[in-house]
């Protein structure tokens, strides 16, 4: 602030200004009634939903304009084509069915992945060898593409859902475990000592102290894991095929790709985007609001 | 013998007999006739030779259709490893692969310049890759079979169609099978450089195969499958309209009935269980070094009941 | 207009450096609206050693944060030299109440140097010398290359004090800086602060909960009521020479009574 | 501790034990010389490297035994077969070449991804609309498989490295951005105020305060991003690879898979694992030791 | 053997509850080895109000942590009822010096209740009642449903105190619990602690840096030298009745001199 800088440096023998004392009788009135007024724009801007809708509309516009300019529906359909195909797919019930199948598989894989991540990180936080084990496994397996798991998946689970779930777990597990473990390690020594003081140990300490204390990191891990589960699912459904008409969104995309129904391909992807937006804004955002934001562990 | 059989077919026209078998439940019918009782079938739709190989080797698949070069590679690799040995049940289909281009300057293989890119769906052992090399060998001499390799890029058929038709990418040619080849040909800007049948004749492109163990343990079931395939082939030859309907129903592909019938009418598209030109692949792949173990005759690759055919 | 205003005030005495004018401060949490300070008005003049004294939770830290520019009043204005305070500035250096105000990725020395350099006060060697000087003053020369997490609570607070003093700002805002210090160290720190003030006559706003410390350090003492904080009184402290005399005891008793009386 | 529980509850009028005062003259001797002795086992166990090597040997053993038991070399070769193929590949120089190509592409993609993530998170932390923008983009794009980007990649970059890098960026960007942003948001209000007090704003505040303060989360993001970059690279080389001899590890794997040279496939994957282990243990571990561990921001 | 030992000690007077026997405590950082306390020996008897007094950074917190079972001595032993202390336990309840010792995901009420329930002391309604009682005692009834991050520094400390007291442990370890409190609140807390002690005669180890507080609260006072902490003296405090009398002033001066003398 320039104002402060304008203050002349106080003369070395400047004396504080001598003035009379003041004694007041504090009035009691309702301070809670005082509120800073906001303009309409401010009010709209303050509303997260409004801001996000504006961003989404802009993105849709960019897509539409670029799609039209490109004029190559076989490779990249415009937004309106995609939306049309999307509603057609929804109307015929196909998309809903396919998304339902995918979602079910996804949730199973995601759930198992999180369960295993919990187990591994609990082990990791309880002993040094556990930490090394987790670190080694993660650095070895996390970079491996699904192709590396394919033979084992086929041997263990055969064609179909079992293998897809196996691959899903692979894509969720390491990211969640890495984030969770890093979160656990970042929990302050004091917090840990408080938990130990209550006599908590092992899994109880993890559940009652470390998990809530590291919840921010865990949530990030869950978000990353969720996204990669989708990516993997779509790719895996192509590889593992389907035994009957029961394929999911990945299969839908693959089928339509082969049929050169590009608008449908994008309608499928559009559905993935929509699901992503919903999960982020309704599920993850709610969790965030009810936990870390409320607990003062997330700022802004 | 097993009372369930797991099969897979791929996506395009080349798999039509398997689709008919699936649609008309021909295996169930012939198995019953052979006294095997009620046999159930499980069909998977698998894309890509690798996955079929893996599924087969891991014991998740009994019978599958795949490209001839891929099958030959697997046979060669697995030869001498009892638990992994595979055997052909017969040919599946013959069709023509077309090399389409959007570059008007290209009239023959000789006209490709380093700036051109040819899209093929796989490399080395994929059907298109091998057939293209064989065509190059014919054109430029055997030593130069790999001459076009630097120009080839691996890209899935659908993307390649989009890329070729858009003309906005560096893809200037696409070596592909029906229905993609037909789809491209509809566009006036696309010209055909080469048809595989014109160069190599009507050789078998896809075959049906199984693990050797399976055929040994289930001789009647194997025969039931062969019989089913014969019936399917006969049906396709007899009832083009019905076959086209089956294709549309099973593959769910969005073509008109007329378009499919036109494809079926093309004399290049043939469905027979007799393997033709297998040794052409074997000789070529042996020379190219893709396979190390080479069969002496085509019949080594197939089950006894096919051996008596007039194959090559 | 501003000049006219200043001139008219000048007629009545010196110009206030800082004017807190009918300020109300609130926190909005997901659950409630907490009013931390209500209708608070006071003026701080140049070279004041101004003490904020009040019961725990009455809003002292919040007031200091608002003066630092970290928080906007929901009502009223905070003026520095007649200009509204809008954002933080190194000229209003703050020593926070929290232990975690040191940058954990910097050693004691780097923490102080970084403050000087990042704010553009001093660079390079000059910054290093000033940092070393003040770190020595707070008795941490031996720990100059230690990272904050290896320090005790009181040691961390002393680093913050060294950092605040090293900045030699126009206004020093200190929030219970000596709370975690033992009697002896505390006395030394108080003396250091007074000595520094003698040299440069900066203005200091000082939150404390010790009445004795308030009298010792302050020239003027603001008493706040319990939550939500309102101004109870603004008293003059006694000259340093009178410390330990009866007038100190009298003032202490008076403040004590005023604080107790609120209950 | 049971000992404490055994203490009889003090009688309500128990008086503290009256005893004489003590005054000592503290002796000065070198306390630094005092060290708790450790047994040989403890010493070995304390050494992270030893523990990890033991884990790796055990994993190799499991692989070998399972591989032999399975006896299906075309599908899943044993550890020794893989190692043999690996050394053959290294010996002939092929593997090194291929890994070199991959590594170069990977580093470019990884670098760009990190750069974009920095940009997006800086925007996000500087304004509300930036936060919404990042959140929206992440929740939309992160779940999208590479296939969705293929058409755009083809149009914008053509086949080959450009497209691969594009896809790589997609796999790195969101994971890193999510972790970084969550890390920024977790930085305590006090730390932020300290930075502002120094007059830091915008990018300077991010660089000098937020990045080091959130370094734990950022590092996790970098680890996850690194792993996903590898996965994606291997898959992308199949899709976008050019069939000349210039491919990377992914291409090597794909070639050998097509030729059913399964041992070579696993040798390629083994190389990926080795690189992962090296990067984790030499690069990331060193960074961790020199930063968050040293700063007391990581416990255990 | 243990019994024999106890018996032999019993002949000389009561059995010490806690024996700190020639203990040296060190921190190993990536850079150096810091000795926080050196050859410290003292005994705490049941119902003692034992004060640790010493300059900032002398190792008071470290000693308390070792007694709590959070740290192993590199030399010497810490015995509780003759058994070596190996790990933390709710019977040795600790009030830490840090502000971040409250669980941020629990409200004030939940923080206290959770301590009672997690440690198995009380469950359900009994825990809720005990929690509400002590929260009221520290003057935070109005903020019982607030989350810790919405509290001022002093309020957070008071919650920790309420939690520590609510546990009613055999040994209460308190590390500068009243440091952030204003004079009035501090006095109230001190009274509360003494009242509680009167009721249940638990043993308390109390770190403080205020000599006055040490005399007021303690029955016995341990003086530590500056870093690394060694035992300087172990003094008896004065009875409550003598507070404010000359004997208080004398003791204060004596302690002051001992602390100053070290410099």
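Per-chain residue numbering starts at 1, and chain names A, B, C, D and E are given in the order in which the chains are listed.
Methods note: a residue touches a chain if its C-beta (ideal position, glycine included) is under 8 Å from a C-beta of that chain, and two chains touch if they have at least 3 such contacts.
Please read all numbers here as calculations on a predicted model, not as lab measurements.
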{"item": "Set of chains adjacent to subunit A and to subunit B", "value": "D"}
{"item": "From subunit E, the most remote chain by mean C-alpha position", "value": "B"}
{"item": "Selected pair, greater C-beta contact count between C-D and A-C", "value": "A-C"}
{"item": "CA centroid of subunit C to CA centroid of subunit E, Å", "value": "30"}
{"item": "Averaged-CA centre spacing for the pair subunit E and subunit B, given as whole angstrom", "value": "82"}
{"item": "Distance from subunit E to subunit A - Cα centre to Cα centre, in angstrom", "value": "43"}
{"item": "Residues of subunit D engaged with two or more neighbouring chains", "value": "72, 75, 151, 154-155, 188, 257, 294, 297"}
{"item": "Residues of subunit B engaged with two or more neighbouring chains", "value": "54, 57-58, 156, 159, 162-163, 166, 168"}
{"item": "Subunit C, residues touching no fewer than two other chains", "value": "69, 87, 89, 92, 98, 100, 147, 150"}
{"item": "Chain-chain contacts as defined at top", "value": "A-B, A-C, A-D, A-E, B-D, C-D, C-E, D-E"}
{"item": "List of subunit A residues in touch with subunit B within their complex", "value": "70, 72, 74-75, 150-151, 154-155, 158-160, 238-244, 254-255, 257-262"}
{"item": "Residue numbers on subunit C that touch subunit E, as the complex places them", "value": "27, 29, 31, 34, 53-57, 60-62, 97-100, 142-143, 145-147, 150-155, 158, 176, 179-186, 209-211, 227, 256, 259-260, 263"}
{"item": "Subunit D-touching residues of subunit E, taken from the complex the two chains share", "value": "13-14, 17, 24, 26, 30, 33, 35, 38-39, 45-49, 69, 72, 74-75, 80-83, 85-87, 89, 91-92, 170-171, 199-203, 219-220, 225, 228, 230-236"}
{"item": "Complex interface listing, subunit B residues touching subunit A", "value": "8, 11, 42-48, 51, 54-55, 57-61, 156-159, 161-163, 165-166, 168, 183, 252-254"}
{"item": "Subunit C-touching residues of subunit D, taken from the complex the two chains share", "value": "188, 190-191, 193-200, 204, 208-209, 212-213, 215, 291, 294-297"}
